[in-house]
């Protein structure tokens, strides 16, 4: 465990550890992408893997995202489990055709004869001062593509547990890594007994009675902060961390909303046709008569991601979340 | 007008006429794509344009969608108005990076200094017995990309009027052409005085009092048929044809839903994270206290598009729409 | 930092750019200026008569298969058929040069290659029939699904070949693509990965002159498509795609090279699509009869037949026997395709994921209920 | 249709494949085996002293600009800076070979080329400062926005050059890309379109040995990147990218060729990135000091300075003057970048579309209200 720092570990380290453990257990797991080998990735998430497992197991590829994903498809066809790193969210776009037309469909196309167990790791989201094309939240594209699982951790422990599950899955998983949580710490450490988190289960991060904040990834800590701040206003907010956008955990989400009667969906992605649209629509379909107010959305504006100096105006922050909570028609209740 | 048939014209002919009129009026309009020249396109929508305007104005490109859109971007940077044809929905995927990272953002990137007036024509949807990759409804991807207008006609007259508006627009427009309506006829003919339809306005295709069907493109005729059939069940359905998914006409849609108190969104695209999610979510946000029941969605299943022999089970048909209408909690009203 | 402060300035001496060591000698990568030919040349003598006869039988079957499949579209038994009439030499040779353990990556036009490799023709036609997207188990046959999005199968072939090599398996992948498909970015990326990884893969470009209506001159300005190989550091070979023996030889050499660890090869086979793009296409819109006629005089079957007859390797009986066998194959195919395909609508939900999600279970239940209602309605 | 029924069978005579007419002679397209050089060779004598001096001044300014910009990242005045130290000859030559009406398409690393073309350095650095995405009007300067998604600017250059030609304008586009960028599908598609359309465009690949940490040997197996030209039917030129005169000459010839309707050229300039990928990168992870040291001995400025001094085209004073000018430029830049950028948050909504949609108006109103509340809060 030379490559992993002493506890507590960062999310980047937990992700590295997940790949390392998976590679050690299963010789068919291969990591590939731009700069993942010698450099250990621009975020150092694959640090040390090439050294430990050799360049054939952790491969610096040519600079061509469609080629990376396309060759990974071929490798999976032969029985390997490729774990592909896309360097940044926006640089996954060249690989969309491979993702949509092949990765998402190969199992279905062959009626189960040729599953594609591969993971596409995509660092996503803003808040790190990245220049254009380095802060996109592209999860809506992946969610709208049947055949993909779409998973995103918000805690260090989940980063480990969900990535292990993603690599073990016999289905393709788009694994969205919240960039600005890469260096977030927790009490998880590499000594924590390896815990695989099943894909498809949301978790209540904070219980509350007034309203439910439904969120995921980089917005989870923001929502927890908002929930703390809301206490001053007399609101006791529940925070649900989805963890998996596909499959969607209707049970956990709806149980919470039915209890609180109010909900706000929070994410960085653009609001229009964003993930929150699906979440609000399905929660409303399923909990209509429990709702005191429409499910509201606090999301990125419907604009291209702003330059670093303006991104704070775009990202859902505590105040904007509390504003939305305030608009949940509290008078109607009394 | 040698290339246009006598009236009534088909939607394909109306689209051709729109490009022809635009090209005749404005020498900066250029049509380009695979097989658009000599062949006139696989759907014959560009029939005769190369002959009339020369191959420099209607150009058979090499077979490379990113290259087509990428060079069109350059042409628009120099002041031309390219009208790009993607041969089928799924074959637009290779051009996604150009679309998302450049087409949608160039104006914003340059604070208005370099607008990109270009149109991307995408034949979309199913129902024509197309084999895999020939029947995708990819509008959710475009809607989730700020900076694009997303327009789709359902009638022959709108095909003409909206395409003229799209070509005249100073913003990039993804123009979605419902494949299975290409051969649909109406009383529109090339002799009809050229009518440009402004982008961004929905239209009520049928008025009714019981509930609103919100739909667009290929599903408009299906909804009109369903509305007819619903009369037998005692429902008087209103049908709203959105015509433009971006910008979205909240006014027309919400006015209808506030009046009827019930709504069903109908489209071919997959339901999960599909266009209907946004529509249901925003209608609910804006009309919550007018709603007798949650806004329901009748959409394609959350599966890759089926093979021709099974597509009828996937596509929203009259029965499935009526089933949804029946679930609009009619008892609740009384 | 000013210039004067540049480290090493004191000891400065100009040298050649240090990184510049030409990596590969380009000369051996360049294709011959003329397409390689065997039939009608001295090279033909070096071919085993049995191989030539085998090729002949397969070409005749292939031609008949193309004709039968096209006929099935007219009878509504196939949704669409992209014929490879005129290109049978490429299709057949691609299948024959592979070992059983090797993999074939066909494009949408290459059902014939799959059939020549031994796939049941009905299974090969499943997609084009409007039945399920793929009609066979790719792993059982080592034939990737017929690939519709052009050139996207090429990186798959590279990845598979690379994976096999990593596992120590002696497997070669042969990937087929059209002249039009070479313009796609995926072509470029696949060839580059293959060369960098020295993957055991052979790329066969069938240059049949057209991408639907677009002639080669609008597709590329290259001296030949085989010349693209140089830019990746792999050898390019140019072959007469209607000369079955030549295609067989060039592909065999490329496969052997890949197998012994020599890396990938790009083969351009110059051929011609005699039929329209598909049954739905009207080829008269973009090409004249005389061009087609010219190519009919360079027909793969007749080229080979002439070689065989002139060297007494086949007689009238042999020719008739090949035709009869092909006819019998066509009759069987016709008959089997006349039976309606049986599809289970519930399959729509069965293979999206390894395990059905709750959402798909709900949707499956909805369809099941609708089907039940429909069936009841039928009964009533 | 059986073989016997094949039309034309009676008149059958084998011919060469009719479509086979080699379109272009590949020989003139092939690059020379060694990078072209001028400085220190006889060719240098043919260069106007004024041009050499101009190049020198610009290189010195460029080096200083790179150093200053890197320093600004340490002071938090730039979000990130990808330095072109060591590559100044390419950056400067690319700018100088163009006429005012021509267009430059820089990649994310090429702010220096934009500055050398005359763009205000502060405007050039707007993006990297964390200020708005593009700091200048591309049409005013005929400089496309610095392009971050690699190789995606290449088709833009082709389209723009093609459009200019269609309009009858005498405009050439020069597009810059890195060695890593050549692996992208967009590189392939752009070069192919350019060649088919014979567009007046010049592609300059700066092969600086690395794509972040990935060395060229993992990027391509080609004899050289310039060899890729052959596969598109355009000439490939290989040049010593640290020899400013050689780069200037090769690019000038390519621009002239494009201008007179001769079509596109691919130029590979062999150079080296002396600094890390960006200020945020740790280059010691993937390369040794000795490699960098070797390249410092093949420094573009010193190569040129040696030429100039050995031929008495510059003296100590001239050298000092160039350095002083560069220093003054750096001081001005430092000072101007020390002032905080002023951004208007409401700009976020101003340029998404030509006309604001109702939805964006709502969102703009929300932000406006929030900003007002914030301002009020500040007052309290």
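Labels A, B, C and D are assigned to the chains in the order they are written; within every chain, residues are numbered from 1.
Basically, a residue touches a chain if its C-beta (ideal position, glycine included) is under 8 Å from a C-beta of that chain, and two chains touch if they have at least 3 such contacts.
Note that this is a predicted model, so its numbers are computed, not measured.
Asks: Just to be sure I understand the contacts, which chains border both chain C and chain A?
Replies: Both chain A and chain C are touched by B, D, going by the contact rule given at the top.
Asks: Could you tell me which pair, B-C or B-D, is linked by more C-beta pairs in contact?
Replies: Pair with the higher count of C-beta contacts: B-D.
Asks: Averaged over CA atoms, how far is the centre of chain A from the centre of chain B? Could you give it in whole Å?
Replies: 31
Asks: Could you give the separation in Å between the centres of chain B and chain D, each centre being the mean of its C-alpha atoms?
Replies: A distance of 39 Å separates the two centres.
Asks: From the C-alpha centre of chain C to that of chain D, how far is it in Å?
Replies: Each chain reduced to its C-alpha mean, chain C and chain D end up 38 Å apart.
Asks: If you look at chain A, which of its residues touch at least two other chains?
Replies: Residues 61-62, 64, 66-67, 90, 93-94, 97, 101, 105, 108-109, 132-133, 146-147, 246, 248, 272, 302-304 of chain A each touch two or more of the other chains.
Asks: Which residues of chain D are in contact with two or more other chains?
Replies: Answer for chain D, listing residues that touch two or more other chains: 132-133, 149, 183-186, 188-189, 192, 196, 218-220, 347, 352, 359.
Asks: Can you check the complex and tell me which residues of chain C touch chain B?
Replies: 79-80, 127-133, 148-150, 180-181, 183-186, 211-214, 218-220, 285-286, 341, 343, 345, 347-349, 352, 359-360, 363, 367, 370-371
Asks: Which residues of chain A touch chain B in their complex?
Replies: So the residues of chain A in touch with chain B come to 66, 90, 93-94, 96-97, 100-101, 104-105, 108-109, 132-133, 140-141, 143-144, 146-147, 246, 248, 269-270, 272-278, 280-282, 284-285, 288, 291, 293-297, 302-304.
Asks: For chain B, which residues are in contact with chain C within the complex?
Replies: 34-35, 37-40, 42, 60-67, 90-91, 93-94, 129-134, 272, 301-304, 306-310, 313-314, 319-320
Asks: Using the touch definition from the top, list the residues of chain A that touch chain C in their complex.
Replies: 30, 56, 61-62, 64, 66-67, 69-80, 82, 94, 97-98, 101-102, 105-115, 146-147, 149, 169-171, 200, 246-248, 250-251
Asks: In their shared complex, at which residues does chain D touch chain C?
Replies: 1-4, 6-9, 11-20, 22-26, 29-30, 33-35, 39-40, 60, 63-64, 67, 183-189, 192, 195-196, 198, 207, 209, 216-224, 227-234, 240-242, 263, 270-272, 291, 293-299, 301-303, 305-306, 319, 322-323, 326-327
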